[in-house]
Each structure stands twice: as structure tokens, then as C-alpha cells.
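By letter and in written order, the chains are A, B, C and D; residue numbering begins at 1 in each of them.
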């Protein structure tokens, strides 16, 4: 992950693109790429979304790649460790959604 | 990364939430979380986005954590290796954006 | 629609918020609000999404209100007539998706 | 607006697309289109976003058209009057953001 983050940083520096990579712009890029993943699923049923043909699978894989690239770029610019951020957030989520209350329910914790 | 993916899978299984985690629903969750990161930057200038106060920084870190959680959940459901997806996509991006053409420019490759 | 656009403009001017309402920032706000609509549907089945309880219905209605507000703000700043933009786009969509080809299919026109 | 909503409904019915237009799917389509508007602004400065060239302007206008189409489709399926939804929400926003407190500030009301 750290290697990938550094590789992406070099890719950007070689192209002189740091000037465009403010956290603000990167948050937009990340959201746009996440929307492009979603585009492949919008008209599919739940079941169809579990069973992609090879072409769609590869397109989704590419969009996932771009999404991770921008997520890591954003983390790099903000000096955030993404693995630690996820682990810390999972601890908070475990408190907000204790197993006994949340089991089998899709409600938001504010609606328990 | 693999450890984190498995940890998140267990979190979901303990709560009996696999039923909600179709790729379709996960792509929505990922896009929503990416929007929540962006919410912290929408009214900030580029410069302000580089210099967050401690409270905003922690909120952004939490949203980044949630975004990575859903990205890994989606990869887990689709059986995609996110690091490989990013590396493969970077190769394609390097072809679409060769240094000599892309240097210092923010244009989309289709507009070169 | 024109009245609503002017009413929103006054709301913004009274609060001295024009300084924040660049088209760039408004496009972010619009996307964030659209994400907040989606948040109400992410874990629902297709069927459940057609049959909202009163509380959720009112929350969705509020998010739709905010989304239209930012769409009209963006149109106002760019001097675009949203009704004309939609009518013009429907003409293009009718060409891309002729009835005989598109009937009953959810495929993108590039995949016909 | 009402005319436009009915025109879009006919467009959909002629193509037998009602089956795809659950509120859930329409909320995804709306968010995706809002992301496509944003794509034109992601690497632009605030100033550049106010001064689009003719080609970009027309592309943004088209995306705005699509966004309004899906917003009206969603309102049609949920039986929501979008103008009333916006007017009702503006009243709530006026309470959350009274002029004397909100003037010149971009903070969220929860941070006043």
C-alpha cells in the first residue's frame, strides 16, 4: 500500500500534476470515480450485480483501480495512513453498531 | 490490506449484514461516503483545503476510513485485488497520459 | 421555476454567500445533495424504495428540495435555462435511444 | 415543469423503461449525472469555473439537462412536487441559517 502510494506520487510528479492535486480537487476526483463504478450497477438488479459478464467486470475493476488511486493520493496529500484510518473507524462503528442491536438490520444507528 | 479486508468481512458476518452487501448496494455506499469526504471541502478554497483544523482533519480521516471499508467490501464481494486493480490501471493511464503530452496539463486525454 | 431561481438568489445575497457560489463549488454541493438522497435508498430493495414510510418520505423530499436549490443556483450562475437544457437533451437522447432499438433494454447506447 | 415531467414520463413509457425506474435506481442515476457535471470542474480553479469555453459550456448544459431529467423522474415516481419541496426546504434553511448568524460565513449550522 505504501509502495503503491509512492508509485502514484511519482506518476503525478513526472507529469507536473501536483499543482492540481489539492485535497479539495482530489475529493472531487474520488467522488467522480466512485460514481463511475456505480454507473455499471445502476440499472442492474441486486442479483445481476453479483454476476457480471467479463467485459463489465474488467470495466468495474478499472474504475476500482482509479478510485483507489485517488483515495491514496488524497491520503498522501493529507498525510493520513488509510489502513489506520479504516481500523480506527471500524472501532467506532463497532460501538455504534453493537452486534446484539444491529444484527440483521440495515437501519442507521441514529434510528435504533 | 488483505488482513483488513478479512477483518471487515468478519464485522459484517457477525452482524448478519451480507444480505445487504450486493455489489450494487456497496457501490452506492462507496459513492455516498466519497460524497461525505467532499462535504468537508465544498466551501473551502484550494488553499484552505490544504490546511485543515484538527477537528475537520479527524472528521475527514473518519470518512476516508469508511470509504476504504466500502471499497474493500466491494472488492471482496467481486473477488478483485484492489492493489492489482490500481497497478493495472496505472499502466493504462501511463499510456493515455504520456509524460511528454500530459506534462503540466489537466486536460482529459480525449481532448489532447 | 424562474421565480424560485430568483428567490434562491435573494436568499444567497442576503447572507453574502455569492462569494462561495462558484460553479465549481455548486457542482460539489449538487453532487453531495444527490448523495444524500441516495443514502435513504442504499440498503433498501427495489420494492422497498417504492414504498417509503412517512418519516423517510419527508427526509427524501427535503433532500430533493436541496438538490433542486443547488441545481437552480448552478444554472443561475452559468446563465443556463434548466427547462431548455432538459428539452434539448431529451432530443439528443431520443436520437441515441430510438424506440425500436432501446425498447425494454437498459443498455447504454454505446453498447447497442 | 409539470409539462416537462409528463414529457419525460412518455419518453420512458415508449421505451418500456418504467421497469428500471424504481426510486432506488433513479437516485443512483441522479447522483451519477451530478458527478458528470462535476467532472468538468474538478481540475479547474474557482475563477476558471466561472469562465467556460463554448464546448465545455455545452457539455455542462447537457449534463444539467440529464440531471434535471432524473430529478423530475424521481419526483414523478415518488409523487413529489419539486417546486414545493424546494420552497418548503428554503423555509427550513432560513430558520437554520438566520441572516444575522450566517452572513458571510460558510460554516454548517451545526458548527455555529
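As a working rule, contacts are C-beta pairs under 8 Å (C-beta built on N, C-alpha and C of every residue); 3 or more make two chains touch, one makes a residue touch a chain.
These figures come from a predicted structure and were not determined experimentally.
In terms of C-beta pairs in contact, A-D outnumbers the other of A-D and A-C.
In summary, the interface at B-C recurs among the listed pairs B-D, C-D or A-D; the equivalent pair, sharing over half of its contacts by residue number, is A-D. In this assembly, the C-alpha centroid of subunit A lies 24 Å from the C-alpha centroid of subunit C. Computed from the mean C-alpha positions, the centre of subunit A lies at a distance of 2 Å from the centre of subunit B. Residue positions of subunit C touching 2 or more other chains, listed in rising order: 20, 25, 28, 31, 34-35, 38, 41, 43-46, 106. The touching residues of subunit D, when paired with subunit A in their complex, are 20, 25, 28-29, 31-32, 34-36, 38-39, 41-43. Note for the complex: subunit B touches subunit D at residues 28, 31, 35, 43-46, 106. By the touch criterion stated above, subunit B contacts subunit A in their complex at residues 1, 4, 7-8, 11, 14-17, 19-20, 22-25, 27-28, 30-31, 33-35, 37-38, 40-41, 44-47, 49-50, 52, 57, 60-62, 64-69, 71-72, 74-75, 77-78, 80, 82-83, 85-90, 92-94, 97, 99, 102-104, 106.
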